[in-house]
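Both complexes shown next keep subunit A, but they swap its partner, so subunit B is in the first and subunit C is in the second.
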Partner chain A sequence: MNLRVLEAPPTQVHVALDGRLDTAGVDAIEVKFNAAVVARRKDAVVDLSALEFLSSMGVRMLLLAAKALERTGQRMVLVARGPVISTALQHSAIDELIPVAQDLDQARAILAGGRP
Partner chain B sequence: MSEHDSTDRTITSLPLSSEREVEWTHVLVVVEGASAGERFVLGRELSIGRDPTCDVRLVDRSVSRLHCRVSLAEQRALVTDNGSTNGTFVDGVRVQDSTVLKPGALLQIGDHLLRHDVCTTAEAAREVELAQDLRKAREYVAALIPAPLARADVRIEWAFQPCAALGGDLLGYHWIDDARLALYVLDVCGHGAGPAMHSASVFNALRGQTLPHTDFAAPAQVLSALNQHFAMERHGGMYLTMWYGVLEPRTRRLSFASAGHPPALLLEGARSTRLATKSPPIGVSEGRRFTQAQAEIRAGARLWVLSDGVFEFTSSDESVFSLDEFERGLLETPRSSPSDVQRALQGRAKRGVFEDDFSMLTVSMGP
Partner chain C sequence: MRSTFEQRLTADLRALSALAAELRAWLALHGVDPQAVHGIDFALEELASNCIRHAQLPSGAQGWIGVRVELTRDAVELRLDDGGAPFDPTRAPAPPRFSDLASATAGGRGLRMVLELTPDLRYERVNERNVVRVRVPRAH
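The block that comes next holds the complex of A and B.
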């Protein structure tokens, strides 16, 4: 399980996850993820495109981070392509709480669209 | 020197911790396999095998009845293979006769992996106590589930297996009145005693029908009431997913609602229909309104309500099992009981271990 912090505009954070975001994957990156995404207090784009698998524990990590950002007035947008991750997001209905974009441009457009 | 001075003097004669006599205990911790999480204190000797008389009994077909033994002499642990069929391995090397088991070494026996830990006797006692508490919590959770139901008009069966770390699953059913049955599977996200306790609270609110101003025959109302009462902000950040249905056996009508939960599968002949209403998990979105839907369970059809632990596990070939594969498997063996399915899936799981709680409830109707 890997987390990469990518270049982003000054008001945003952009991270990409790859591997299996299951219980072991969450154990491996949760602290790093929260440090990179939640602690920065910026809008965040979390790219899940390279994830092979997203379990309920992975969904939990994303949801708790999104809720933490929400409490300080920031938003999280997910980038997800491919049926495996999209199906996991739909089953958990997490896509009703965290916006899901098809690519980075769409994610940034959602963030630029302001807060609901 | 004044009286005050004498009582206020810094004491320098306490023994430093390194000078204290520390008593060490050797422990075998099951880190992988069906008995994962269990701990065994190594006194003079531990026998390990499949036989019920063994000190460490491993329910594992690849383990011989009296597989091996670990003995301790002068703080040195020694593994001796008893001529087992599949061998005993220490850090990946097969034990020919006897081998020293160093602290931290991994002992592989069949699909089980055990680690040799050395800790203070006080630490060992605490760990054993914690493991016992977890076992009791697991037993309490399992005891909440009602017995299977076998009537001429409706039959309910289930399979439930908490994972080693104890997850937040529970399943159950109860009669709302003479004509209607409530059915539910819930999953509090996370592992350990906290989610298990939260799960038991939600379960008891359902079973006792104690949510105020709630019609328990209306699934959407039940989920809305739970969402209001179990908001994650007031429950240590915990939330849950759930599938809740109400069945009227006389008419075979089923009303259902789900929240962030995998769909239930209604199997009828060669067809499977996924039953779910799309809503986020319970507790995460205050004021959320839930919706419900209807279906009919015809004679010969069978409803499978499950938690994600049933299909989210790593197979022996390292691939991740999926709901699609699970559904295909059910269609191929429609007469299997939940216990049959559980056994078959356990056989596919890597080292025979489910990574999460395994919960499955089935409903079939009489002719």
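The block that comes next holds the complex of A and C.
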């Protein structure tokens, strides 16, 4: 499980996750993820395009981070492509709470457009 | 033609991760469709991790989860059995619907996600053990 912090505008943080966000993957990455996404208190784009597997524990990690951001006035947008991750987001219903973009440009547009 | 993968999983999340990797490799070796592999992989992850975290498995020699995967011509069937307290995942209460981010609760989604992805899931209690069978088509 890997996390990369990508170049982003000053008011945003962009991270990309790759690998398996299963229970073991969450154990391995959650502290680093929260440090990169929540602690910075910026709007966040979380790119799941290279993720191979998303479990309910992975959904939980994303949801808790989005809730923490909202408490300080920031938002999270997910980027997901491909059926495996998109289906997991739909089945968990987390896509009803956190916007899901097809690509980085769409994610930036969602953040620029205010609350969806 | 039938082929079988069978192991005893100790109640440990790291052991689950290792077993899941071994199972994925075994299914790929047998030419199982990637979508079917994902269905079995997902059901194993959610059901076994839920059992390890919540089932209060007996300690010692009885504290294991039986994992058996059988390939038939048309399907892949995952069978999990454990000696924890009786628990029927098909009767687990549905998680509350989300209304807004502030009030959303994070837990309780895994079993619902399994039932959505692999709806052919059956439960029975056999010889003081929970037995769950998940069946997915071998090719989509």
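The rule is short, and it goes like this: the second predicted complex is superposed on the first by the 115 of 116 C-alpha atoms of A that agree within 3 Å, B and C clash if a C-alpha of one lies under 4 Å from a C-alpha of the other, contacts with A are read in each partner's own complex, and residues count from 1 in each chain.
Note that contacts are C-beta pairs under 8 Å (C-beta built on N, C-alpha and C of every residue); 3 or more make two chains touch, one makes a residue touch a chain.
From a predicted model like this one, the values you see are computed outputs, not experimental measurements.
*Asks:* Going by the contact rule set out at the top, does A:Glu96 touch subunit B (first), subunit C (second), both, or neither?
*Replies:* both
*Asks:* Given the superposition on chain A, which partner contacts more residues in subunit A: subunit B or subunit C?
*Replies:* Comparing touch counts on subunit A for subunit B and subunit C gives C.
*Asks:* When the two structures are overlaid on chain A, which partner does A:Glu70 contact: first (subunit B), second (subunit C), both, or neither?
*Replies:* The answer is second: A:Glu70 touches subunit C but not subunit B.
*Asks:* With both complexes superposed on chain A, which partner does A:Asn34 reach: first (subunit B), second (subunit C), both or neither?
*Replies:* A:Asn34 contacts neither subunit B nor subunit C.
*Asks:* Which partner does A:Asp22 reach: the first (subunit B), the second (subunit C), both, or neither?
*Replies:* In the superposition, A:Asp22 touches subunit B and subunit C alike.
*Asks:* Going by the contact definition given at the top, which residues of subunit A touch subunit B in one complex and subunit C in the other?
*Replies:* Residues 22-23, 53, 55-57, 59-60, 63-64, 67, 91-94, 96-97 of subunit A touch both subunit B and subunit C.
*Asks:* Tell me, which parts of subunit A touch subunit B in their complex?
*Replies:* Residue list for subunit A touching subunit B: 20, 22-23, 52-53, 55-57, 59-60, 63-64, 67, 90-94, 96-97.
*Asks:* If we count contacts the way the header does, which residues on subunit C are in touch with subunit A in the complex?
*Replies:* 13-14, 16-17, 20, 38, 41-42, 45-46, 49, 97-98, 100-102, 104, 106-107, 109-110, 112-113, 116-117
*Asks:* Using the touch definition from the top, list the residues of subunit B that touch subunit A in their complex.
*Replies:* Those residues of subunit B that touch subunit A are 187, 189-191, 232, 237, 239, 241, 259-263, 276, 278-281, 284-285, 308, 312, 314, 320, 323, 355-356.
*Asks:* Considering the complex alone, what residue numbers of subunit A touch subunit C?
*Replies:* Listed in rising order, the residues are 22-24, 27, 53, 55-57, 59-60, 63-64, 66-67, 70-71, 84, 87-88, 91-94, 96-98.
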